[in-house]
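Below is one structure, written out as structure tokens; the observations come after it.
The letters A, B, C and D name the chains in turn, as written, and every chain counts its residues from 1.
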Amino acid sequence: MLDFLLAAAAFVLAMVALGLFRILRGPTEADRMMAVQLLGSGGIAGLLLAGSARIPATVDVALTLALLAAFASIAFVMSAAGETER
Amino acid sequence: MTAPTIFGICAALLVGIGLFGVIISPHPLRKLLAFNLIGSGVFMLLGAVARRGAAAGMGGDPVPQALLITGIVVAFSATALAVALLLRLFNETGSVTLAADARAHPDAGDT
Amino acid sequence: MIAALNIGVAALVLALALFTIVARESFAACVGFLAYGLLLTLVWVQLQGLDVALIEGAVGGGLTGVLVIGAAVRLRSTQAAADAARLGMPARMLAVLLSGGVAAAMAACVLALPDPAPTLAPQVSASMAATGVANPVTAVLLAFRAMDTLLEAIVLVLALIGVWSLAPDRVWGGRPALGYDVDPDGILAYVARILPPIGIVAGIYIFWAGADHPGGKFQGATILAAMWLLAMRAGLTDAPPVDRKWLRLALVAGPAAFFAIGLAGTVTAGAFLAYPDGYAKVLILAIEWALLPSLALTLFLLMAGAPQRMSAP
Amino acid sequence: MKAALDIASVLAISAGAFFFLAGTVALLRFPDTLSRLHALTKADNLGLGLVVVGLLPRAGGVSAGLKLLCIWLLALLAGATVSQLIARTVQTRDVRS
């Protein structure tokens, strides 16, 4: 079971990593934002899959990450959007 | 390979990448990012050393881990100070270069 | 399987670091840096540094990323001048050689680390009972290496003084950072009302758990600062003017209380920052409670930046 | 009982991983920004949601399980907000150009 969880974590992270090509290619800022958004939730999923079975406190780390990733992506979209609307 | 070895080598490469960035990036903000990469490489190396010191039922040596927490927060405060410096320079001159031939344009940043 | 996952994570971290360096636009580089910070959290979990993972997730993945992205947006017009100033090929080759050499030397050192590794974990474990806390990192931060933590709290205040002193004379004593024009009934104002209460509970929980489990005041304070910043960005609240007496008192209250308890130790326990027998846990908790609001306020104001305007909105 | 829970976990986590795969494929292959956004929101919410569901039986306690659900709800809230904001930036840009 642990091996399955680790493999799932690796798979999710690999998927998210592929999605990061959108940061490279763009073309618009909205696409970059989406890649970061996917990385946020994929990173949390990978963290939970890789850690929560072995180390219970990983859940707290994921909780912090969920809060701060929410904050970061909202602030990020605001600064990018604020720029285009000015 | 064990986790400390993998991430120790990753840390060494991060320091190399960061150093490269500090040298070649012409933009000060990019230099700042690169400097942060060097910093996180050093932190990661210390983290690998802490993991190697696992003993007495602890997953890692708590002394370097405590130093890391201190270090990460101080690195953030230094980054915030550097960003504030850059923004002030930009508001003052309209550019962020430190080159001697750059002319000052007051108020250029307010547009 | 774990080794494969670790190698994959390390490769991803390196790829994002490289992207941060070589990306054409500063904005894209900063986005890469934000993603890099998020991934480092996973590295810390794999290295069994849960306390470090918490602070990295909060500071590296959150605050620093938002800080540099905000700066990149403001500095966008300087991109062209920077592009024109790129180094020539010979200088780039030299830079590759130099940084490659440094990385190779460091990697060689990593491979030559002594076995068995030196560790202070047994000493910490042997003396931890005297502190009354069950999280060894908290014991180190507030008992065995309390001097570091005290100086760190002071450094944060010094950095904030540095940021404030960058304000132009005409707005000295004013409010930092302009808010955004946000529709008060829009989605953003809505989420800025929903998220901070959850965040405050989570921040206090992480802080509270810190005595016995991974967590603590730095991690909690960072979450609190981020939530306040979100409310400010959404226009629900404003940053306080920096010349307010209460603000300055609140900023130094935490480090001052820490320092006072440390000084009291010279009388009651015979050394600076020593705790008398049996009172260690109470004093450690007192220091943590005193530091939390000051740290949250300092981190928030560091993010908000130098004062920029005088008038109240 | 334990075997049944394990199978349920494996199924839910695999489904979650599949949604991440779908989200990535959509992000890379779909032709325009809005259709990418449409696909991403599904992948995002369901992917993490199914992973959380799959991990719930293994959470080892009610409070850990509640924290897992909290994480998902937070991610939902953030995802919904961010997609709204992203869609709005796309729209304002399209109207203007």
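We take it that a contact is a pair of C-beta atoms (placed from the backbone, for glycine too) under 8 Å apart; a residue touches a chain by one contact, two chains touch by 3 or more.
Small disclaimer: the values here were computed from a predicted structure and weren't measured.
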Highest C-beta pair count, chain pair: B-C
Rounded Å distance, chain B centre to chain C centre (Cα mean): 12
Whole-Å gap separating chain A and chain C, where each centre is the average of the chain's CA atoms: 19
Separation of chain B from chain D, taking each centre as the mean of its C-alpha atoms, in whole Å: 31
Multi-partner residues of chain D (each touching 2 or more other chains): 70, 74, 77-78, 81, 85
Residue numbers of chain A (touch at least two other chains): 29, 35, 40, 55, 60, 63, 67, 69-70, 74, 78, 80
Touching two or more other chains - residues of chain B: 59
Interchain pairs in contact, sorted by label: A-C, A-D, B-C, C-D
In the complex with chain D, residue positions of chain C that touch it: 187-188, 191, 194-195, 198, 202
Chain B-touching residues of chain C, taken from the complex the two chains share: 2-3, 6-7, 10, 13-14, 17-18, 20-21, 26, 29-30, 33, 36, 40, 43-44, 46-52, 55-56, 59-60, 63-64, 67-68, 70-72, 74-75, 77-79, 81-83, 85-87, 91-92, 95-96, 98-100, 102-107, 109-111, 113, 117-122, 124-126, 136-137, 139-141, 144-145, 148-149, 152, 155-156, 159-160, 162-163, 166, 168, 216, 218, 299, 302-303, 305-306
For the chain A and chain C complex, residues of the former touching the latter: 2-3, 6-7, 9-10, 13-14, 17, 20, 23-24, 26, 29, 32, 35-36, 39-40, 43, 46-47, 50-51, 55, 57-58, 60-61, 63-65, 67-72, 74-76, 78-80, 82-83
Partner chain C, residues of chain D touching it in the complex: 70, 74, 77-78, 80-81, 84-85
Chain A contact footprint on chain C (complex, rising order): 1-2, 4-5, 8-9, 12, 15-16, 19, 23, 27-28, 31-32, 34-35, 38-39, 41-42, 45-46, 48, 50, 53-54, 57-58, 61-63, 65-66, 69-70, 73, 76, 180, 188, 191, 195, 198-199, 202, 206, 209, 213-215, 219, 222-223, 226-227, 229-230, 233
